[in-house]
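Common to both upcoming complexes is subunit A, partnered first by subunit B, then by subunit C.
Up next, the complex of A and B:
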């Protein structure tokens, strides 16, 4: 049999929730280990190796030392996969990009002496692809386990994973939900990439856009819907801050 | 004739409860979900809401589920693939007439000569207990579509006539069911009158009305194909396809292979797709055939109001109003759109979007499950193109005509269409050539002799070679267009057939010398007397050795020995990438070859290959059924075909 692909999992600035989704595969983790060799995964194992084919990278990039480390990972990996919203789009970490890094440091650390310490040398929060090329994306906050499995099996079979390029509404409709707009709520589903099985609207929460926007908030069609539901551009900008701050551009991967 | 029985409210409840208690059937019916309604499993008769206005999703979810497993396989023994049939016996209670009519329309498409076995099974296993409409949905316009009442298509129909209910028996199955489980009385003439009254007053409840009859839909659509309205509306379209998801008459689907995490077993699934989504027409090369939102937005209305009416005689909209509710910018409602269009004008000639040519498709039994086959020869022509000889394991010949195609499956990866490149044969062997572009093609390129693949087909129409007899033939192909062309050329050059045709010219253009495929055939054709064969390349890298022509395939036309050709008695066949057609056809016209003597073969995204999934549509035409071979004269006017 062909050698199993070696997989390493890395994290940067994040809550490790996506790694937890993998760890939580439970019995299926055994299946996973059948098809790949996990050579590094700090959250669940002590061993570490720099010999890997696939790097699953979680978290946003905040500091020059993170960038360096990520570049190192990129060099080692044949395939680099961004895991979860922090890595794919910057996610909640980008909320702080609203302010200058100095202001943020001051807010958090007050007058503590951290200047000159590279661990505290923080810049703007970045998604992985703002630092290195990324091959594939597993979107979401947290990631969807089924989608994770789908991407891993595709990579193990040597095929390109198929990630939806259409909005959450498609899956929401298949789930036969009452539309959040009909319930008087403001949902980002129409402009957010599907693949989550519309989990939020299905549990009666409007979509917050954690899988990234596939349409600009400024497009004519979004304006039309905002108007129809008595919302303003300011409202949608605020809604997008949660996961998509500064990323209101269209990321429709043609 | 339908028989009518009367039943009290209490007895109706007992009837439903008896059906649930019996356990033979999975009993589903209309239930409340917040302020809306949905079909769902019934635990008690009380949950059944016959007073519903409309459900969020139509009952199509029980016949073509949003995600449906079509077949399962063991990746080690993929040739033992098994279709996965849903054998559940089901009763659906509460279907409104418009949904019953929508289901009858789906029957016409899914139960045609290429019958969809999964759908058929579900259809056979389902008993439909319909319900007359009590509450009219605010957006429904069924009244003006004549879909607010149904005379057929149900096994039983429940009608609330105030004091009690009437059961119209629509089938033998329905009769049995009522006799076994319900306590009913003979309906009286007075009951019947009440029912008539109810239906008459129902019409008045509709606030939404289409101002023209369904007969006139094609005319207003065709007259306004280029109207600015499409763009105006499409500017506000979210490309969410909610309109098609909730529609009872939209049934296009995508097909995917899913593999379990242990890479041991897999399944092929189909899932609802929508023509408003950009990827719906996207092919491996990255080309999207309906790139503009306007084109996709328009396509949906033309399919409903023009393409299916011309093909089957019904407008594929039943006026349920679901899309009007679902579309956030409120541009999806056919009632509003048709009324707006009707104010602009109409046309009598509505044939422009079709071709009259109707292909008879042979009944081939199970249409979705591939036959097992073995790769018997692999040849790598260059780093992109791989040639395969494939043998069907059942030992039967493929039975194809030149120009037909097959769907080749790699279990766990997917399925893709390929032209057959060998001439018709009575052995179980045939040949294809695969250019690597995406998942299926890349994996195919790695196969070795002895590996297994799945085969469906032959599919599509192919060339009618008898109509070419006694004629001069000019074959022009570019790129992978040579694949099906080779089948045709080798058929006519076969000594058994050669005498039936007159002069033959073969023109072939490739991007660069290494992309010239079937070099051995080309060399052979060049030596065959009374056949002219010319090859050109667009460009030649310095490293490559090439002493032939350089230039587009059109540069070869001056070489044709025109003196030998009576253009009226010449047939030209053109197969190549989309951009090639315009230029080559211009050359042929200059030569004086009439449009009706020109044949082309077109490529579109394909999934099912049997006229169900909707991906290959060029306006009203299914490329997989009426094509891929077309007479140029018949489709030159067809918008979208060559643009």
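Up next, the complex of A and C:
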């Protein structure tokens, strides 16, 4: 039998909730261990190896020391997967990019002598693909456990994982939810990538856009929704402040 | 082993804790040159990010400070927001929020006990090697308890990490009576499984070091219950502080160069928060089965051994189950109502939210303007409050174990930090700072 792919998990600036979603697979983790070998996962294991095929990387990149560490991981890994919104699109960490790093530093650290201390040398918050090439993306804040299993299974079998390119509205309709716009809320569902099973609208809350913006062309299927509420892709994009501070249309769907 | 030895320990990015921290120990000619707990996590500037956000956004954004205690951050955020707006929640919302905090405490505690702390007691590097051998059954029981807690969070909050249903004034959606009845059955079963896990841990508990150091323990307390959702800040040294706005007189935050997380101190050089601090302040209010578990481990207040924090967590897991059963009974007796969230009107004001989360006292403090936008925010995180206590423990512990091998010293120091179950991402969320 072919050797199992070796997987390593790494984290940068974030809440580590996406790694916790892996633990939240409960007994199913044991099934995943049948198809991959976990060789490094600091949050749950003491052992560490730099010999790995697949790196799952969580978090945003804040400092030069973090960029260096990520570049090292990229060098070691055959496949690099961005895990969760902080890694895929920068997520909530990018909210602070509306101010210059110096200003945020000054507000937080005052006149403290942290100059020259590399721990405190903070730049703009970045998604992983602003520092190194990323091969695949597992979106969400947090990631969806089922999607995680599908991606890992595909990679372990040497296949290309498929991530939806259509909007959250498609899944929301499938769940027979009342449209959030109908309820008087503003929802990012029409321009946000599906794959979350429309979990927020299903619990009666509008979509915040944590899975990133799909391409404008992919919103054709929600044309009716947009027309009904007199909205355009651009109108909704302007409201993307929590997760999509730069409001960038996805650049890597091929 | 001779005591006149030279060695250094440098644990970079300590494993099996949440976030990035280092342990440094430098010994020359048998004398300690340096012993230090360092926090190297990248700062994240949440308070800066909250400026200018509408009050409805504060909860979802601050939830993202921490994946493990996102329910706790959500509740502290909602309490601070509602306090600033002068909003009263209904008794039903209060009960459902208590269920939510019980669920999170259970999830976080069993994760720590089973996946992060237990491998040291079984002499392995992670939980993975324990699967498939003679400990498989123990692992599966722990997974079962983890699943129970997560299913409970999913039911009450819509999602276990970054809850969806918890909103200003109440809930966006509610569980059905049938769902609560089913959960109650599972919780009954959970009491038996918890007892079984406790018996397994009891069998290896002699591996927990017997180290003690007198310190101050700070937790919320109230006459009504073993405090999680509500209460006044209470210290084992100085008693109760009844005005929440006076929290800075307790936390006294300061910055040290080896850490991107702030430190705190109150009556002594350091204090401790978390399960052991709650136990030491409030153990008489535990439910009966939890008290029984504490007795099994000879855990009595005041206990000064930080390694017993893991045992206090186990005791609290049992308490959270018992408490949740009572809450569900009360909710079902009062025939759960289809309540809509209480409506809020924007108004200028300041509000403080105090909650006990798995790792201890969490404080959110917001100032809103007349339009309901946040102009100032401060969050004090449990792990920040423990960093100085970890450092002080290390300074007392190292001389006591210096005759051991460097490998054993390293393991004991790692176990010490893990016992606090630190949540380092949380502690470097960052805030406005005064330097000393």
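Please note the rule applied: the second predicted complex is superposed on the first by the 223 of 254 C-alpha atoms of A that agree within 3 Å, B and C clash if a C-alpha of one lies under 4 Å from a C-alpha of the other, contacts with A are read in each partner's own complex, and residues count from 1 in each chain.
As a convention for this text, a residue touches a chain if its C-beta (ideal position, glycine included) is under 8 Å from a C-beta of that chain, and two chains touch if they have at least 3 such contacts.
What you see is a predicted model, and the numbers here were worked out from it, not measured in a lab.
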{"item": "Touching partner for A:155 - first (subunit B), second (subunit C), both, neither", "value": "neither"}
{"item": "First, second, both or neither for A:66, with subunit B first and subunit C second", "value": "second"}
{"item": "Which superposed partner A:213 touches (first subunit B, second subunit C, both, neither)", "value": "neither"}
{"item": "Partner chain in contact with A:107 - subunit B first, subunit C second, else both or neither", "value": "second"}
{"item": "A:23 touches, of subunit B and subunit C: first, second, both or neither?", "value": "second"}
{"item": "Subunit B versus subunit C, judged by how many residues of subunit A each one touches", "value": "C"}
{"item": "Which of subunit B and subunit C A:191 touches, first, second, both or neither", "value": "first"}
{"item": "First (subunit B), second (subunit C), both or neither touched by A:165", "value": "first"}
{"item": "First (subunit B), second (subunit C), both or neither touched by A:173", "value": "first"}
{"item": "Touched partner set for A:39, first subunit B, second subunit C, both or neither", "value": "neither"}
{"item": "Partner subunit C, residues of subunit A touching it in the complex", "value": "11-21, 23-24, 26-27, 30, 33, 38, 41-48, 62-63, 66, 91-93, 95-96, 99, 104, 107-112, 114, 117, 119-120, 122, 141-142, 199-200, 202-205, 208, 242"}
{"item": "Touch list for subunit B against partner subunit A, complex", "value": "33-36, 38, 56-57, 61, 66-67, 235-242, 245-246, 256, 258-263, 271-272, 274, 277-279, 286, 325-326, 328-330, 412-413, 438-439, 442-443"}
{"item": "Subunit A contact footprint on subunit C (complex, rising order)", "value": "13, 15-20, 40-45, 47-49, 57, 60-61, 64-68, 70, 111, 115-116, 119, 125-128, 131, 140, 143, 146-147, 150, 158-162, 164-165, 167, 172-173, 255, 257, 260, 425-426, 430-435"}
{"item": "Subunit B contact footprint on subunit A (complex, rising order)", "value": "25, 28, 31-32, 34-35, 149-150, 152-153, 156-160, 162, 165-167, 169-170, 173-174, 176-179, 181-183, 190-191, 215, 220-222, 224-225, 228, 254"}
